[in-house]
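By written order: A, B, C, D and E. Residues from 1 in each chain.
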């Protein structure tokens, strides 16, 4: 069972390679590395499918003393998603970064460190290990955001860094309280030990605040749009699709594994309300944006709202609706990852071709760049949750869970969300299908459109093959 | 009398923190922050954590203070915009947070798992006598690996921001215009600093000390050399880059090579655990020293000429 | 009122003070100071609470050592990006911050 | 005997905290750095006394490191920090 | 032996107190430099002498001496640097009557 650490070693080793040997063709090197990682993730996938979840004690030290890595259904699915999105983004970046000579040198080491940190977070089973993983993700992500070195990128990076540091300190304070109270840092052991007293409630509340800050949920989201909107296309694709999800994944793990019985229903409803507000406010802001990348960034803020609906639908509801909510949320996490990455890559190609950032500058682009726009369209189908796409299945599961637990207001929120998403997406389409406009565009490499198309196709394919990942998303033992 | 010492130390910490936050002038805040770092080192001594006192002294006094002073020198004016006006609401939430925290600190369940005993039990197999080094380099060595990655990423981003800059000529004093006293003092102190860094690294396996404290001392020594206009980074630009990643490279190589022998990730062979740890720590000290120094050295705004 | 508990309470007050400053002041360097002091407060609680009425525990001390190094890395990075931002824009606050 | 060491430590801590006043009031930056320098030395003294009071010889290493590095902050102030504006308090 | 230690450490403390008082009371920077250097050399020196008898081993005693020597060198250099800096900053800052008068009221 040496597959699990391999998923950590490969990205770290490649990070060192791309840092120390800049003269190598870094892009091709990266592709080779990720294909290797994709293979390992696939092998781990069917291994878990056959034998079920497995734990891996690092350094051969048993749980409370050492750190254990946990690979259950959800972890393996996320690992596969990370590897898949990373391989397409790397393929895209090879051609995209030809126009950005200066950034290329340091993009690849940061890219690999980010990947290593993400794999570390998906696999981690230890609270403090998650903290160090979060810090590594933050620093690598901030590094990628400030890669261009211009003033707005630096301002966005600073805002992101300050918000993320505040969030991880709140998380660390929660970990400190839990360790003081229970004497162990292992998530598995904690889930059996946690009891409802002041110190645990406060610790979990602080950790939730910290992770909400890092997931940019509604009131704490102001750092996300400039960071994701201003960064290079492959960077914002990875940030929106993966990095923001890592802190939500920890939040879901903590509440669903450890604190399931501890969260009062009112708190769950509050989180749901925050999610609803994010959907509506984020969507409305996206509609008002003038720059196309900012529009897609605010759409991330909105779509993250859907993830927060997990808590009101799962906590304090029937077993059946909790399972549906869990599967719906995780499927949404997957499909949003693929769709948003495809959207950012497509938009990146359009901006690279047109040379200007505003939505109105995209007038009549459909004639010149049909493939990129088609990828954008497919991705928005999944974001809106129209039938054939993965997004639809996720929202359908969430809706079923809401109906079963009799909370009709969440059904209304889901529908409103889809409508608002449609509004800002069609705004882009209405502009790009204008007949008379004739934009001059610079030729872009066909591989750019291809990668965006590939990711969008996967998002749609999730609609058909949703059964495979959903069935594997075995519930955390706590809820069974 | 211990109670008097502790209460004064605690109140001193609060006074320093208050000084840092309420001082209108930023420079005064930074000096108050350096004093805060020193009092914090004393606090770690009182909490029976000499390792942390060593680290706080080496990193707090040696490095963070220097980074902040360097940043202050770079800023032209110290006047800042008046703080935001709505302050009542944040004040109430912060007071509530403090009270909640203190209340929760008091009422807590009896810990069912006692990690210190577990550490004491498996200390003999860890290869080192000092429990903290055992936890850092053996029981939770994966944390340390990721932490070195964090340091390396910070250095990489610093390099990325600097490379972006057209290699501006670094106008700093030439050989001749060095301050004689400072140059003499530094040239004699540097070997002592190096010796003490190695001593602290070596002491780490049986008493407080170790890679991080040693690395921080090494970095402080390099910073002192740089401040005294000994331009060490000119000599080996590429070597410097290799040095940054060397510690992480060796750590990862050792961590994975043991896997070939069939052992799980990061498991040192039983008989040689002590030697493995010492070897990794030595390379880590060298790398941490270089990384922390390059974080100081790469910070922008060096072009401001010295007016000595 | 053992030593450990006393310093854990001091840590809690430090966190509250630092958070208050983080919210009120917009100057980026002051926020870095606040972040550092808040980190020290969290570390005081981590060690103080774990050793309150218990034996000296090496695990939280090792965690705090890792935390100190991570805090130094984050502070150094924040300083470098802030100084580059100051060099380009001449401002010490982020644009939307001042009212 | 240890009570004696604790009184000495407490006394030195009082002088250290008294130095805070100079940092706060000190009209020009040089005075503030002077106080910081005195802090370093008094800190070394307190650590040495605590090493005796708490019977932990490791504190001597901490004192050694602090003695070494207190000067680095001062050199950084002189060479790099040049706060032009000195506001009278 | 114990009384000798009491005496030495007491004297050391005295110098620290004197040093701090000097730092607080003296009119301007130059005089304050004198104050703190007293605390360094004599204060720490006497304290260290007072501590020597109760160290467990000879290397530990030598370490104390090393610490004292390092502090001596460091404070000498620091005082030089500060004085040099203040003089370079405001050349007329030498302590003459008019200057000290203005210092008093702040």
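Quick notes
Here is the rule we go by: contacts are C-beta pairs under 8 Å (C-beta built on N, C-alpha and C of every residue); 3 or more make two chains touch, one makes a residue touch a chain.
Everything numeric in this text was worked out from a predicted model, so none of it was measured.
For the pair chain B and chain E, chains touching both partners: D. Other chains, considered apart from chain C, form one piece (clusters defined by touching).
Distance between Cα centroids is largest for the pairing of chain D with A.
The greatest centre-to-centre distance from chain C, using averaged C-alpha positions, is reached by E. For the pairs B-C and A-C, the larger set of C-beta contacts lies at B-C. Distance from the chain B centre to the chain D centre is 19 Å, each centre being the mean of its Cα atoms.
Note: centroid distance chain D to chain E, computed from Cα atoms, is 11 Å. Remark: chain A and chain D have CA centroids separated by 48 Å (rounded to whole angstrom). Residue numbers of chain B whose C-beta contacts span two or more other chains: 2, 30, 48, 72, 74, 101, 105, 108, 111, 114-115, 119, 140, 143, 147, 150, 153-154, 157, 161, 182, 189, 192, 307-308. Shared interface positions of chain C, defined as residues touching 2 or more other chains, are 15, 43, 45, 49, 52, 59, 63, 66, 70, 73-74, 77, 81-82, 84. Multi-chain contact residues, meaning those touching two or more other chains, occur in chain A at positions 128, 132, 135, 139, 142-143, 146, 149, 177, 180-181, 183. Inter-chain contacts, as defined above, occur between A-B, A-C, B-C, B-D, B-E, D-E.
If you check the complex, the residues on chain D that touch chain E are 1, 4, 8, 11-12, 15-16, 18-19, 21-22, 25, 27-28, 30-31, 33-35, 37-38, 40-42, 44-45, 48-49, 52, 57, 60, 63-64, 67-68, 70-71, 74-75, 77-78, 88-89.
Taken together, the chain C residues at the contact with chain A in this complex read 15, 22, 28, 31, 35, 38-39, 42-43, 45-46, 49-50, 52, 59-60, 63, 66-67, 70, 73-74, 77-78, 81-82, 84-85, 88-89, 94-95. Contacts from chain B toward chain A in the complex involve residues 100-101, 103-105, 107-109, 111-115, 118-119, 122, 138-143, 145-147, 149-150, 152-154, 156-157, 159-161, 163-165, 241-242, 245, 248-249, 252, 255-256, 259, 263-268.
Here chain B touches chain C in the complex through residues 2, 6-7, 10, 13-14, 17-18, 20-21, 26, 29-30, 33, 36, 40, 43-44, 46-49, 51-52, 55-56, 59, 63-64, 67-68, 71-72, 74-75, 80-81, 83-85, 87, 90-91, 93-95, 97-98, 101-102, 105-106, 108, 111, 114-116, 119, 131-132, 134-136, 140, 143-144, 147, 150-151, 153-154, 157-158, 161, 210, 212, 288, 292, 295-296, 298-301, going by the rule given at the top. Residues 179, 181-182, 185, 188-189, 192, 307-308 of chain B are the ones that touch chain E when the two sit in their complex.
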